[in-house]
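Next come two complexes built around subunit A: one with subunit B, the other with subunit C.
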Partner chain A sequence: MSDVGIVRGCKIPKDLYYSVDDHTWVRVNDDGTVTVGMTDVAQNLAGPVLHAKVKKVGLTRAKGKPIGTVESAKWVGPIKTPVSGEIVEVNEKVTEDPQILNRDPYGEGWVVKMKPTNWDEEVKELVTGEEAIQKYLEKVEREDIKACEHIE
Partner chain B sequence: MSKHGPVRLIDAGTIPYLQSQTIYHAIAYAMTPETPDTAILVSPDTPYVCVGFHQEVEREVDLDYCQAHNIPVTRREVGGGAVLLDDNQIFTQWVFQPDHVPLKVVDRFAWHAAPIMATYKDFGVEASFRPINDIHVHGKKIGGMGAALIGNAEVVVSSLMLDFDTHTMAKVLKVPNEKFRDKVFQGLENYMTTLKKELGHVPDRTEVKQRYIRHMEETLQRPVEEGSLTPHEQTVLTELTERFSQKDWLFKKGGLVRDAVKIHGGVWIGETALKAPGGLIRITLRIRENTIDDLVISGDFTFYPQDQLAAFEQYLKGTSMDPAALKQAIEAFYAANAVQTPGIETEHWLEVFGQLREAVAKHS
Partner chain C sequence: MEDLEGKKILVIQTHGVDTPTRTYSPVYYAIAAAAMEMDVMIWFTMNGTNQLRKGEAEKIELKPGSGVTLKTLLDQALDAGVKLSVCQQSMDLWDMKPEDLIDGVKILGATSIIDLALDADHVMYF
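On to the complex of A and B.
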């Protein structure tokens, strides 16, 4: 993995784009698709994920709509897509082994690949690199988010 | 809507069971930045079973029993396990703007529990918060809580437990056999309580509600004002009630398989089996605070002398579920009683107990 920032023990790779409020990340792929997942901060807030369900390939989702749901021991919530587009691939491993979201949120725990329909506009609302680190630092301090714990 | 303004109270009374679920979902889905934070008090007019968002209903609920006894079954968008709900519980459902709730989910549970516990205390029932999401009275559970992000709202739900039908609760769950069901029933009887159990009678419902509302104002430090659903919320309620009554919503494939039944945060009932060289070992176990509280061992293996099997069960009660403690207890019993179990070694016992330990850990 390339350069990774650390915010209260949570990993924030600098090459990704983030929707800090929704705790999601976006990776731009060479084929014009984007990969979307939950951040390390999100997995930490949720705790060990017991179950995850991902929407189906072919579904078109507007920005902010759920691309899946996660259930930890105590809380259920959606994973909201930070970009609009069509889901072209889903990570089946997330359903089979939901704690992959805790163990490797930026790698094997990716959630969906999407073909974005409004990327040039929507990317302006995402943050990346040092700006992402800064935004996350402000958020965890403002909201007093606990330090990241990692499941091996 | 201000974080300090009035909280809308919807005292929905006793209403059809589906609406008692869909009402808080509807307010959550209809929520806009202008929607006031809302607290709902509601009871269903008929007993029903409700499964957690990701549960598979056919694995969790004895649907034949429910059908034969006219107990409807539905699904909520909050997590957790299958529960029996009826009009002896007054459900407390808070639907708040996301930035108006404590950030940490565990803090939300303590926050939601505060007025419930204060209400119980008014009646002389010493309720306390048991992290992560239970309310206890002297070690017995009197209620649990759930949380979810639904639409644009953060939701926390629980109940004021006037009375609880443990008999029917044990009947509606799908369990491997009747012995297991007995254990679930005994677990519920021994480790759950209600206002009726504590006081010897069901207190006046209106008084319970009034006291709860006053304590809610104290906890939130905000005024609580009675209100009603907006026309838009009514429309969403109608749509959701239709969706929640559909078979495909109920039978939606979940995938969250629970192989142990939680009685409360520290008490679990589980059953597991292992095919060992000497035969099948089946153990039904009640675990309390990581210790064997009760167990039944069965199977088709040879235990010699046979009359020592009951003594073995008895001996293991009170033993920690930690492998080292179990190993020591098993080996000590074998040595002291000259037990022979051809093809069943200590490692097999440890494996079968280990399966149960993992099942509980997975859901804790």
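On to the complex of A and C.
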């Protein structure tokens, strides 16, 4: 697909916004909400996800605060929201079948939908399109992040 | 998922390099609690102290061939905001000086740990 960049085997769709340092993505929805998830690079670093917890609907989160946690055999950590706002929907499937985060991080494995409160400002700190691919390329090279593996 | 932000967890780790399989889980739980926005400290004492000697934690691999060592987890813990502290008296037991410790570890005495235990919402003892 031409609209998906590949960085060391990791997929980076060009239509999403990214917080490269936190390995999260944002999709802008037509209804004014945004969908947030973790990137292909993140799922690869974590390895097969064994458990995931997602915060509750109605909770307001400042940018950088966790919207959930992810555990694998070798890693446990937060998924930090790249935007401030209220959680308006959570993906229950992530808790029921955590490896959905590995299999389809940009689709079925979305984490929360949020109503952003400071989008116009915060979007300036996110990257998209070719810039996102470039930033990710720099990051994987700087940190020598291993090539993506995908589980079915 | 409940909002647990700010709850205080104290993890006491008494196991060290002589029993490698008992070293990972306490650190892993501490990282998990930090990811859940809790205020977490690991207190290393008794045999737990020796894993903080520079060069020791690298020798303990989580699973052969995994490339993940106890040092990887200790670094993750520090990155996640977990505070690492060590018992001063047990450092003497292992002939360890402050410069022998990995970076990021605070040395505390016995009275401090009693204060911390009373102040914590929960203490996990290993």
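By our rule, the second predicted complex is superposed on the first by the 150 of 152 C-alpha atoms of A that agree within 3 Å, B and C clash if a C-alpha of one lies under 4 Å from a C-alpha of the other, contacts with A are read in each partner's own complex, and residues count from 1 in each chain.
The rule is simple: contacts are C-beta pairs under 8 Å (C-beta built on N, C-alpha and C of every residue); 3 or more make two chains touch, one makes a residue touch a chain.
Owing to the predicted nature of the structure, the values given are computational and were not obtained by experimental measurement.
Per the definitions stated earlier, placing subunit B and subunit C onto a shared subunit A by superposition produces a clash between them.
Looking at the shared chain after the overlay, A:144 reaches subunit B, while subunit C stays out of its contact range.
In the superposition on chain A, contact is made by A:65 with subunit C only, not with subunit B. Applying the stated contact rule after C-alpha superposition, one finds that A:30 touches neither subunit B nor subunit C. Judged by the touch definition given at the top, the superposed model places A:50 against subunit B, while subunit C stays out of reach.
Judged by the touch definition given at the top, the superposed model places A:120 against neither subunit B nor subunit C.
Of the two partner chains, neither subunit B nor subunit C is touched by A:92.
The clash between subunit B and subunit C in the superposition falls on 239-247, which is one of the stretches 59-67, 167-175 or 239-247.
Shared interface residues of subunit A, touching subunit B in one complex and subunit C in the other, are 53, 69, 71, 73-78.
Those residues of subunit A lying in contact with subunit B across their complex are 45, 47, 50-51, 53, 69, 71-78, 95, 143-146. Residues 52-54, 77-79, 103-106, 109, 132-133, 146-149, 254-256, 362-364 of subunit B are the ones touching subunit A in the complex.
Interface residues of subunit A facing subunit C in the complex, by the touch rule stated above, are 53-56, 59, 65-66, 68-69, 71, 73-78. Those residues of subunit C that touch subunit A in the shared complex are 1, 3, 28, 31-32, 35-37, 62-63, 66, 68, 72, 76, 80.
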